[in-house]
């Protein structure tokens, strides 16, 4: 049974979440004005599954059961499934203009699925079977997962086992007959407070001595010992104000939490890796490839909104046909589609794993994401250019609603006569939210660091390149190696 | 007598300001937590005048009276005076990390000074003398001015006289024996609520029929009929929260207001242009050159803080010596100094006006500013890269102060062991403020649109170039025109 | 029967080519040292058809006859066929490091195929059948075609019918019972002197009055009345010197000719469009999309050689492991793969025409090519950076062969001791050829202008974008249009 | 007595140059068609000294004798002298469109002058006095010098003393009572074959054991034991062809030679440093700062020609007023003036050395040059864009002069009717020369590597930055260090 958006929202109330925000425990997260828009964004992933025009994108048949499931809970059974993911992400980016928080887990389950298969082959373990059972449970209940990969890390460049505080990476503190006790914290957990379960994975290559850190498992988000702390976002408290304009995007928003595990018990049937240090990097890199591909979808969808907003404000200012404005809009589209093209290419050029699901083309996925660390910044820079200086100097909605001041504003902040001042003002606040405000983290910093920071992609691009082959090509052309005889 | 910072703050309380913020009239602007930091930034311009190490930068002798005055109220008596301006601006940018709001008026008085001289020469008017008298008053009382140039403009590309609402540009509604009555609104007035007086100037080239719009004058900021509406800034209400961390820059901030003139009376002795449509563009372009030069100072000073913050967070994360981090820091410095170099060059290469003061080199000033519409975006992009994803996912200061949660945060958000978590957290919020928050408008959108949007610079760069000369060079080299005989 | 490379070269001697080079008629083009390398590049397309590892890329079954044909003479029967084209192009770029000249015609036949089908549907003409017959002839004889699209154009922006010289676009001067007489010239004909036949098409949108210019036809390259004039290339006469090093790429090179038609007769069975002005733009845009996609293949292959050369010279200089060198090599790869990704995406996302063959995704093809107008310049800039200043200051091969001077050079121009000076010198000349010399036109100016200049792509990108849809998205998010109800 | 251009050319014939080109000893360099244009470019520096409008730029009074000297042989007696240098360089770049080869020595004598003064102070040596005597000799005879800094270096990153071949850096092989015997080779010596004397300096920081490599001296260019080998340039042999068009720049060109010292004797009075390893880096960095500043002059002058050429070809094609063409021309100007602005700023912001001459601002000089490693590439990329594809496909001048073919070309390669085809063709070949041909090394690779490669500037920019100061600024703003009390 696929949940509706409403079902999903309601289901969240059932959880006993230990969530803190602004120094207080959140009692009713579903009605919290700062949190709710982020739930709405997730809810859109449920809504699309019921839209006839998007059903084919938003749902698929389970590789495990054959039953219809939400695509966000499904394994990729073909390259086309990855293509559909990227297109679904674009649709969701367009509909929410923010991070809708479910890609991480989708990419995570696919990486854990294929990696556990290979661990079991080598070590005779039973992680893969356990994982499939757990995933069936997720699919059958149409649950929302988040993925917890990024450890807090402490001193960068120092291995888990060598950190001065041993808890800087999530690790086992005790192995018991029925499960393990784990401790640590995962940082920047996208949608953590909006999910039913969380899938934990390692965050980097492990080496000898890091066995206790080389673990993967899944737990309900409200498991005992878990604490979530809500991350601030730019202009977050505008959601607490009266009115709906100044937030820019009233309905939707992203969410990041700090996820703390304080001696949490995980039963064995939910443990999918436990000490296999030689597989941690496979899991990380497979997840990374999937997730870097994902950015070719969602961030293009957000770009569509930014571009539409820039074109609209140009209309409202009366400059839409100016050559430089058209040039800038064209450039914005060009950059956005470059990202999308690379995302699609990494999907079409995927390959089948031993486990049977499909994996993104690593090189192209990294190329896609690396462009994502650059182009959204240029896209909003151009949007700010087109918007004009009023973008950062408009008064508040309260001023617009004031009987005296409001009239002044209505008169003086109008652009072309045929568009109302409020319309123009709303469009400006949307662009503001994209560049500075509530949506800016989703579109900027997340583009930079989500799925790995720029340098991580540079390293993978170098690793995925057969430079020796390229050098042989050059040596042959240069006549250092024997030149190719065209008549031979 | 040069005011101290304290004198300045106190003097502001004397004004009967008609200022609105969040739909309410502000009764005590000096103590308002949102407004006060912007006053502090202005106050720094007063403070420097009393610092022995900065006195030479921050003060000079009046061209009108020979007495010592604050540099922000002085005419440029040499190219070196403009160089000092640019260096003073960098110092202030470094000390406040935001817009300190006084450059506009400094640049404005210099433009009005030389333009009125030339108007009088052509038309036998007496604007120049009036202006000098008024400026003496400003200097003698060490007042703070703002400049009101940017009209709200309505439909872009439509002349003042042709707007469907005749008030979209400030204009005369009545000429009387003792003065004029004016109406309209000026947008994005930097530091408007922090000044004693405002100098109004036209914003674009005027043509026949625009005579009533071609006006310049000065009035006290609390003149009857004037209303100011405070512009929102990203994360502005963080200033209303307890604590001092989440704002990023607790002490200082920028300020932009909408400045509305509702049938305001201006006595003739304060009118400096009144219908001379052929001089409006001279005033605009001279102001523009000065002000585009100014960005080579202040924005470099802000960049210094961003660069220092990025290097610090790299230290705290333990990655300062990573090659890619050093490369990125080097690039940030390179971009910032490119801006500064162009600003300095436009000062050193200035020229003396008929009025006797000195004018910025127009071409280089526009080149300087045009780089400012690009490089700060790249500088903060790189800072966000270095900062890491935690930049946009840190919890609130309230969480850090919470007895239980605070301990978790202190433990898990630490970077290198020798730096406290709070130190790291503070540095992250500073970078956040620069990229997204309270300082981002000063460093981004203002860099984009202040002193004219990018296209305005492109037009001036084209206009200032003798393309015919360059084409003759090319024709001679190509042998289309006669080639130069080296032996002749 | 698929020709071998040797068959192809020999077949070229059979033609009675009217070709001029350096003011002289070329009597034996096959043995001409300037021309032969360009033939070798074409010959590689024949060679690959016989290589077992590349056969699947280089050949396919004819849509018209079912027989095996060279892929360069085949219609695209699926999106995968376009993908194979792009990958084949990359292989050929890697093997020749230059333009191998056959993509234009491949893209041209596909555009004419589908367009003639639609013309016939509208006008009841028989172009499509004629075209298929002609194409069968090409396929059966495994001929090499060039495509002649770009007219010399005279004054840009002036329609064919309005040019002061009526011959600035190829046009009909007489219609006869058995055919047409045509006049004009086509510019920058890639591989014109290396082909057996040429396919002529219009170059822009035609309007009323341009009927005589709206024509497409095919003729043997040595038809009476045809004159070819060879275009110069940078460092072309190095091919006339002794030795094989200074040319950089001894075996392979590109070729562009001016193609002049002086009252040439074309029989009706070879005429594929004749006056249908409303279809000229369809042909142009379909060709453009295919050909802009093509650059995602060939230019990536050339980039592979440049990257391999840069890595090699870094090895020979002893700096390969320097962080900034690795960073630059990584950037070069990133840029090259971005282009390739977009090319692949435009292939995978193609669509079937009414005629039955497949067409490139227009938006993504234009995005691909637009990146090609930028990234190769940055790639060679970085290669020049890595190569060091010796790149442009090495003496000649004759100096290296000189008994006295040669010893000096061998001693002093050595890099790391374990690599011979000659090896280093050869690699430098290859990079020189890519940046400045014989390969630079293929990699730079052709990347800029081939398949349309940057502005042409900007226009298509704008046209292919449904901006109204993007604006609706923005209006909904901003609450201008009704916001989406997530619970509905 | 200041030589005229003619005097200079004639004086070159007096030398007994041991110069090789294309494997042959050059007997008459002055009449050699490949070499002469490079002499003409140098001669322009003599010509300007006699032009009344440029005399103030091109000459000055000697700091040593008070007599009038060519600026290229003078010490900088003020910051304004450096400003004049930069402006003179721009004038010369405009007049020659290439490298005029004299800046290196000018920058070199200033660096040696101040460094020898400080060596003498520390070690009680007499280098400074020797140097002044030698420089007086140069000034009095108005000689042309080159500077030999860049050793061939062998394996990069390996110190001189550790190279497997001890001659990879110029060094002393014997010290005698009357002088030293030196051996080695200097690479990429700009204008080496066009100078009377050469000033040799070390190329990097020396350490213990490198004493014999830490040397500076001057010798006549035709000293016994010296061999020069001419570096090839792109399209160099076009200078040997009939006609004057295809070379692009018929009159002027650059020159680089390999300079080999095979046991050359240097008398003590011409030795200016001999073993003082602790001063080699001072000399290198001072030279580097001067020379990186120089690129803000000459490369801007060349850019002026490129921009003029691009505007002209746009005229000839009939597209000059197209918005995208104007935008691109504006961008080219913007980039060129950014370079110039930074060059000027580094001159204005110079400082006086202990020796009394003036030194460039190191940070700004490096920033200037670093932009030079980027912007000229973008400038020619845009010029290629504007020029159109014909840029790389025009036939040869011989074809244009052919009775039959020439008529075709005259007809078909015309742009707007009012401009002759030859004019258009000439402008295209000029742009070709700038992008690919004879001028491209001067404008591209020399911009990249001249005065040090990009990484060298990055290192200096990092070194010249007081990052601790920037970090203190950030810590104060963030409240980590005590915040500044504005009222204090």
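So that you can tell them apart, the chains are marked A, B, C and D in the order they are listed, and the count of residues begins at 1 in each.
As a convention for this text, a contact is a pair of C-beta atoms (placed from the backbone, for glycine too) under 8 Å apart; a residue touches a chain by one contact, two chains touch by 3 or more.
The structure presented is a predicted model; accordingly, all values stated were derived computationally and were not measured.
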{"item": "Which of A-D and A-C has more C-beta pairs touching across its chains", "value": "A-C"}
{"item": "Per Cα centroids, the chain farthest from chain D", "value": "A"}
{"item": "Chain C-chain D separation of Cα centroids, rounded to whole Å", "value": "38"}
{"item": "Centroid spacing, where centroids are CA-atom means, of chain A and chain D in whole angstrom", "value": "51"}
{"item": "Distance from the mean Cα position of chain C to that of chain A, given in whole angstrom", "value": "39"}
{"item": "Residues of chain A engaged with two or more neighbouring chains", "value": "324, 327, 458"}
{"item": "Parts of chain C lying in touch with chain D, wherever the complex brings them together", "value": "20-24, 150, 152, 154-158, 164-165, 167-168, 185, 187-188, 227, 229-235, 237-238, 241, 246, 256-258, 260, 262, 317-319, 322, 324, 373-374, 377-378, 381, 384-385, 388-396, 398-399, 401-402, 405, 408-409, 411-417, 432, 435-437, 440-441, 444-446, 448-450, 453-455, 458"}
{"item": "Interface residues, chain B side, partner chain D - complex", "value": "5-6, 9, 40, 43-44, 47, 83, 94-95, 97, 244-245, 248-252, 304-309, 311-312, 315, 326-327, 329-331, 333-334, 337-338, 340-342, 344-346, 348-349, 363-364, 367-368, 370-371, 423, 426-427, 429-430, 457-458, 461-462, 465, 467, 469-475, 477-480, 483-484, 486-487"}
{"item": "Interfacial residue positions of chain C with respect to chain B in the complex", "value": "323-324, 327"}
